[in-house]
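These are the structures in question, set out in turn.
First chain A sits with chain B, and in the next complex the same chain sits with chain C.
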Partner chain A sequence: MRLRVVGLGVRLTVLAMFAVFFIAPVVWLVLAPTKSDKALITSSPFSFGDFHHVALAWKHLDAFSSHIFRRWIGNTLFYAVSATAITLVAGVPAGYGLAIGRFPGRKLVLSLTLVVMIVPGAALVLPIFLELNAVHLIGSSLSVILPFAFFPFGVYLAYLYYATALPPSLLDAARVDGCGELQTFLRVALPLAKPIVALVFFFSFVADWNNFFLPYVVLADSNQYPITVGLWDLLSSTPSFNPAVGGGGQSVKIFKPELALATLIAVVPVAIVFLFSQRALVRGLVGGAVKE
Partner chain B sequence: MLPYLPLLIVFGVAPSIYALDLAFTNVGGGWVGFHNFVRTYNDFRFLSAFRHVLVYTCVWLGALIVFVVGLALLLHGRANRVSATFRFLFYMPGALAGSAAVLVWLFMLDPSVSPGSFLLHHVLGADIFAQSIAPGNLPFIFAMIAFWTGAGGWIVVMYGALNTIPHDLEEAARIDGAGPITIALRLKLPLMRKWIAYMVILSFATGTQLFVEPQIVQTASFGLVPDTWSANQLAYQLAFRYADFNGAAAIAVDLLMIGLVGAVLIVTRSGLFRTDD
Partner chain C sequence: MARVEFDDVSKVFADGTRAVDKLDLQITDGEFMVLVGPSGCGKTTALRMVAGLEDISDGVVRIGERVVNDLTPKRRDIAMVFQSYALYPHLSVRDNIAFPLKIAKVPKAEIGRRVDEAARILDLEPYLKRKPRALSGGQRQRVAMGRAIVRQPAVFLMDEPLSNLDAKLRVQMRADIKKIQSKLGVTSIYVTHDQVEAMTMGDRVAVMRKGELQQVAPPQELYDRPVNLFVAGFIGSPAMNMLEARVERAGGGVAVVLGDARLELSDHPWLAPYDGQAIVLGIRPEDMEDAAIAGDDVGPRLRGRVELREALGADVLVHFAVAARPAVTEDVRELAEDVGDDRLRSQDAAAATLVGRFSPRTRVVEGDTVEVSVDRNALHFFDPQTGLAIRAR
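Presenting the complex of A and B:
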C-alpha cells in the first residue's frame, strides 16, 4: 500500500515537472508585455505589471515601420484564408473522386498524394523556389498562396471520409432519382462532408499561418511578409538580441516587451483554433490514419 | 478531381523533377552527372551542416522516444480528468509552432529575463545570452524547442493508441500477478510499437530539414552562429548568396531523398494509411 502511494507521488511529480516545462514559457509570454523592458529584468519573471505597459508596447509596435505590423497580420490572413479556400474547393472534390470514382491512374494519384503528404514540407521549399524562380513568379503573393493551396493531407482526409463513412447506396439512390454526377456530389456528398470541411479548414489554416520557410524564401519585400517572417524582421531590428542594431533600436523603440507582444499577437489566432478543436487537431497528427 | 491535379503536379511532382534536373546539370543546362553532388559534398560547410543536423535529430528523437512514451504510459490509467488536463497542458505549446516558438525560447535562454535563469546558470553555465547559445549547446536547444512544440501532440497520439488496448487484457495480466511496470513493459509497449516507429521515421525525416530555428537564432546571435548551420540553410545560402542554383538543387535533392525514403517506408510498411479499399 505504502509503495503504491509513493509510486503515485513519483508519477504526479514527473507529470507536474513536465507540465511546468511546457506551460511556463507560455505564461511568461502572456505576462511579459505588461512590464517595461527594465522591469522584465528586475522584477520576478511571473509577476504582472500593468495594462498601461501593454498599451505602450502596442503603441511602439504599431508605430514600427509605419504600421507594418498590421500589414503583416493582414497579409497572413489573406494568404491563409485564400490558400485554404482553394484547398477546400480543390481538395474535397478530389477526395470524393478518389473514393468514389474508378478511373485509370486513381491508385497512382492516391499514392502520390500520400507520399507528398508525409514528405516534410520543408524538403519541397527549395525545389518550389527553384521552380517559381524559373517561371519568374518570385515576389508575387501567388508564390505563397498557390503552394499553400496544395494540401494533400486535406485530400486524404476527404478521401478517407468518403471511402469509409458514405454509404454507396445513398449515391445510387440519388442517381436513380435522376441526379447527374455533379449534382450527386453537390446535393448529397458535399452537405454530408461538413465535419471534414471544418477539419480541413483548421489544418490548412494553422499550417499556412505558421509557415515560415516558404514565404521567407519566395518573398523579398517586407511589405509582403506574413507575420512569421515579420517576427524575424522585427527581431533583426531590435538591439535586445541583436547588438549589431545598436543605437538604431532607440529610434524604433522595439525592445523585449514589444517583441513579446508581437509574438503573442501572432499566435493568438492559432491558439484560439487550438482551444476549440483540440481533439480534431490531434487526429491530424495521426494523419487520419486507421481508426484507433 | 480537376482543380486538384494541376496543384499536385505543379507543386508536388514538378518541383522535385525540376530540382533533380538542376542537380544533374550545370548553368548552361548541360548534363554533368553527379558533379554537383560531389562539389557540394566537398564544400567545407557541407559535412558540418549535416553533422549538426544529425546530432540535433538524434537528440530530438531520443527525447521523443523516452519522454513521449514515458509520459503517455504515466498518463494512461490516471483518472480521466487529471489525465486530460495534463494532456492539454503538454499539447498547448503546439500553437506556437514556427518562428513564434523560437522567439519565446530566445527569451527563455536569455538569463537576464528567463524564469529559468538558475537552470541556465547551472546546466549550461550561462550568465549572458551569448553563452546560452554557444555552438555546443545548439543541437540540444533546437531539439528542446522542437520537443516543446511537438511532443504534446505525440503524447496524445500515444495515449490514444494505449486506449485501444482491451481492458480485459490488462485485467488478465493483473490477475496473473503482473505489476503496473510489468504491464507497461510487456503489454503496453509492444502494442505501441507501430506508432513509435511512425513517430521516429516521420521525425527523422522532418528533423533533417531543420531551417527556421537556426535561421532565427543566427539573426540574434551577432555572428556567433553561422548562417549555414543546417543543411537546408546551406542550400538556401548557395541559392541566394551565390546564385548557385545547381548546387542548391543538389543539396535539396539529398534532403528530399531522406524525406522520400521516410515517406515511402511509412506508407508501404506501417499499415497506418489506407491506399485501397
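Presenting the complex of A and C:
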C-alpha cells in the first residue's frame, strides 16, 4: 500500500516536471505582451502586466514598416491556402489512384512517394531554387506556392486510407449503380475520406505556414514575406537582438513584447485550423457501410 | 427483363488461377437461377463477370441479345446486392436507395415515387432518414435490396446476400426475396454456398465445382437424380451416405455387396455390366427406416450399431456404424473439407457411419443393434473412377 502511494507520487512528480517544462515558455509568451520591455526583465516572469501594454505593443508592431505585419499574415494565408488547395486536389486523388488502380509503375511511384516523404524539405531547397530560377519564377508568389504544394505525405496518407479502410465492395456497388470511375471517386470515395482530407489539410497547412527556409531563399522583397520570414526580419530589427538598430534614434519600436505579440498572432491561424480539423478527424465515417 | 447467357466463358486470374472454366449456362427471361458450390468453385466470379466487375478471359456473356463482354457495369442494365450490403455510409437510407436513379438523372419526382414504392415493399418507410450504421443487419440487407429493385433492371445479381444474417432472419428473408423476385419477374442470378437456400429459392440450380459446371436442374431433379458423386454429396442435409460396394450377379438380377450385407436388386438390370466391379452406393437418409417400424420384411436390410440418436421432433436422425467401407473418393473428401469435417482422415476405414432419418416412433437408443430397411428404388450408384452416376438409360 505504501509502495503504491510512493509510486503514484513519483509518477505525478515526473509528469508535473515535464508539464512545467513545456508549459512554462508558453505561459511566459502569452504574458509577455502585457508588460513593458523593461518590466519583462525586472518583474516576475509569470506576472501579468496590463492590457494597455498589449495595445501599445500592437501599435508598435502595426506601425513597423507601414503595416507590413498585416501584409505578412495575409501573404502567409495566401501561400498556405493556395498550396494546401493544390495539395488536396492533387494528393487525395493520387493516393486513391495508387490504392485502387492497377497500372504499370504503380509500385515504383509508391516507393518514390515514400522516399521523398522522408527527405527533409530543407535538403531540397537548393535544387528547387535552381529549378525555379531556370523557369524564371524566383521572387514570384508561385516560387513559394508550387514547392509548398508538393506534399508526398498527403498522397501517402490518402493511399493508406483507401488501401486499408475503404471496402472495395463500396466501389463495386457504385460502378454497378451507374457511376463511371470519376463519379465513383467524387460521390463515394471522396465523401468517405473526409477524415483523411481533414488530416491532409491540417498537416499541409501547418507545414506551409511554418516553412521558413524556402521563402527565405526564394523571396527578396520583404513585401512578399510570409510571417516566418517576417518574424526573422522583426527579430533583426529589435535592439535587444541586434544592437545595430534602435541606437541611432530610429522610429523602430520593436522590443521583446512586440516580438512576443507577433509570435502569438502568427500561431493563432494554425490553432484555429487544428480545432476545425480535429473535429473532422475523430468522426468515424465508414460505420455501417458493410457488415462488421 | 432479359435472358442471360454464358457461352463457353472462362476466367483466368493474373496468377494463373482458373476460376471459371468453359461455363455454358442459359438463364431464361424471368428465371431465378441459383449458382451454388463450395468456396472457391467460381460462382461469385461468374456473377461478377455478368456484373462487369471482372474481365472475361474467354467466351461470351450475353444479357438479352447484347454481348456485354466489353461494356462497363453502368451500361449493362443490372443491379447487384452484395454480401457485405455495400451501403454508402455517408448517405441516408433514402439517398442510398435513390443513388442509382440520381446517377441515371431520373427526374426528382419520379425518384421520390420509386423510392417510396421500394420502401413500402421492403418495410423500410420508418427508416428512410437514418444512416446505415443506425440499422440492424436485416434492415441493411433490405436497403441493399431496395437499391437494386428501384432501378427496375433487366437482371438482378445477388452475391450471398443472406450469409451475414442470423438463421431465423435468413429463413424469412429467403422467402421475402423469392416473393419479390416472382412479383417483379426480373431475371435473377443468386450466388450462395448454402444448398438449402439453393433448393428453396431457385427455379433452377447450377452446381459448380472448381470452376466447372456440374449440373443444372430444378431443385428436386438435382436431389433425385444427381449426375455425379459431387452433386449427390453436396445437395441434401444430412448428406447422402456413400459406401464402397461390389456388384454381383444373383439369380435373375444383381446384388450389391457391402461389407457383410447384401442387397438383392431384381429390377436394376443396368448394373449388370458392372458385375464383379466396385461401385459407390449412395443412400439418402430418408430412404432408410428402422426395420422394426418399417412394416416391410422383404426389402433389403442393413445391420448396424447405433452411435448417436438426434431427435428433431418430426423425425429422428440415427447415426449407426455398419460393417462396410465408406466411399472416400476425391469428391467426398472435398465435400467433407468444405464443411470443415475432418473425420474422413481419422475414420476407421472398415466401418462406415451412416445417418438415417427415421420415424419418431423408433425406439432405438445409443448402443443398440439396429436393423435398417432400405428403399431399393431410391438407391444411387456411382462409378468410383469417373464419379458419374450409373442409372437406366
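Assume the second predicted complex is superposed on the first by the 264 of 292 C-alpha atoms of A that agree within 3 Å, B and C clash if a C-alpha of one lies under 4 Å from a C-alpha of the other, contacts with A are read in each partner's own complex, and residues count from 1 in each chain.
FYI, contacts are C-beta pairs under 8 Å (C-beta built on N, C-alpha and C of every residue); 3 or more make two chains touch, one makes a residue touch a chain.
Values in this document were obtained by computation on a predicted structure and should not be read as measured data.
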(request) Quick one: classify A:S169 as touching chain B (first), chain C (second), both or neither. (result) second
(message) Quick check on the superposed pair: does A:Q183 touch chain B, chain C, both, or neither? Answer first, second, both or neither.
(response) second
(message) I want to verify the contact counts: of chain B and chain C, which reaches more residues of chain A?
(response) B
(message) In the overlaid three-chain picture, which partner chain does A:L192 touch, first (chain B) or second (chain C), both, or neither?
(response) second
(message) Once chain A of both complexes is superposed, is A:S236 in touch with chain B (first), chain C (second), both, or neither?
(response) first
(request) Go through chain A and flag every residue that touches chain B in one model and chain C in the other. (result) 285-287, 289-290
(request) State the interface residues of chain A toward chain B in the complex, per the touch definition above. (result) 7, 11, 14-15, 18-19, 21-26, 28-29, 32, 40-41, 45-46, 86, 89-91, 93-94, 97-98, 101, 107, 109-120, 122-131, 133-134, 146-147, 149-150, 152, 155-156, 160, 163, 210-213, 216-217, 228-229, 231-232, 235-236, 241-244, 256, 259-260, 263, 266-267, 270-271, 273-274, 278, 281-282, 285-287, 289-290, 292
(request) Under the touch definition given earlier, write down the residues of chain A that touch chain C in their complex. (result) 167, 169-170, 172-180, 183, 187-188, 191-192, 194, 285-291
(request) Flag every residue of chain C that touches chain A in the complex, lowest number first. (result) 51-53, 72-74, 78-80, 82-90, 99-100, 103-104, 131-135, 137, 140, 147, 151, 157, 164
(message) Give the list of chain B residues in touch with chain A in this complex.
(response) 1-5, 7-8, 10-16, 18-19, 22, 67, 70-71, 74-75, 78, 86, 88-100, 103-108, 110, 112-116, 129, 148, 151-154, 156-157, 160-161, 163-164, 180, 202, 205-206, 209-212, 215-216, 219-220, 222-223, 232, 235-236, 239, 245, 248-249, 251-252, 255-256, 258-260, 262-264, 266-267, 271-277
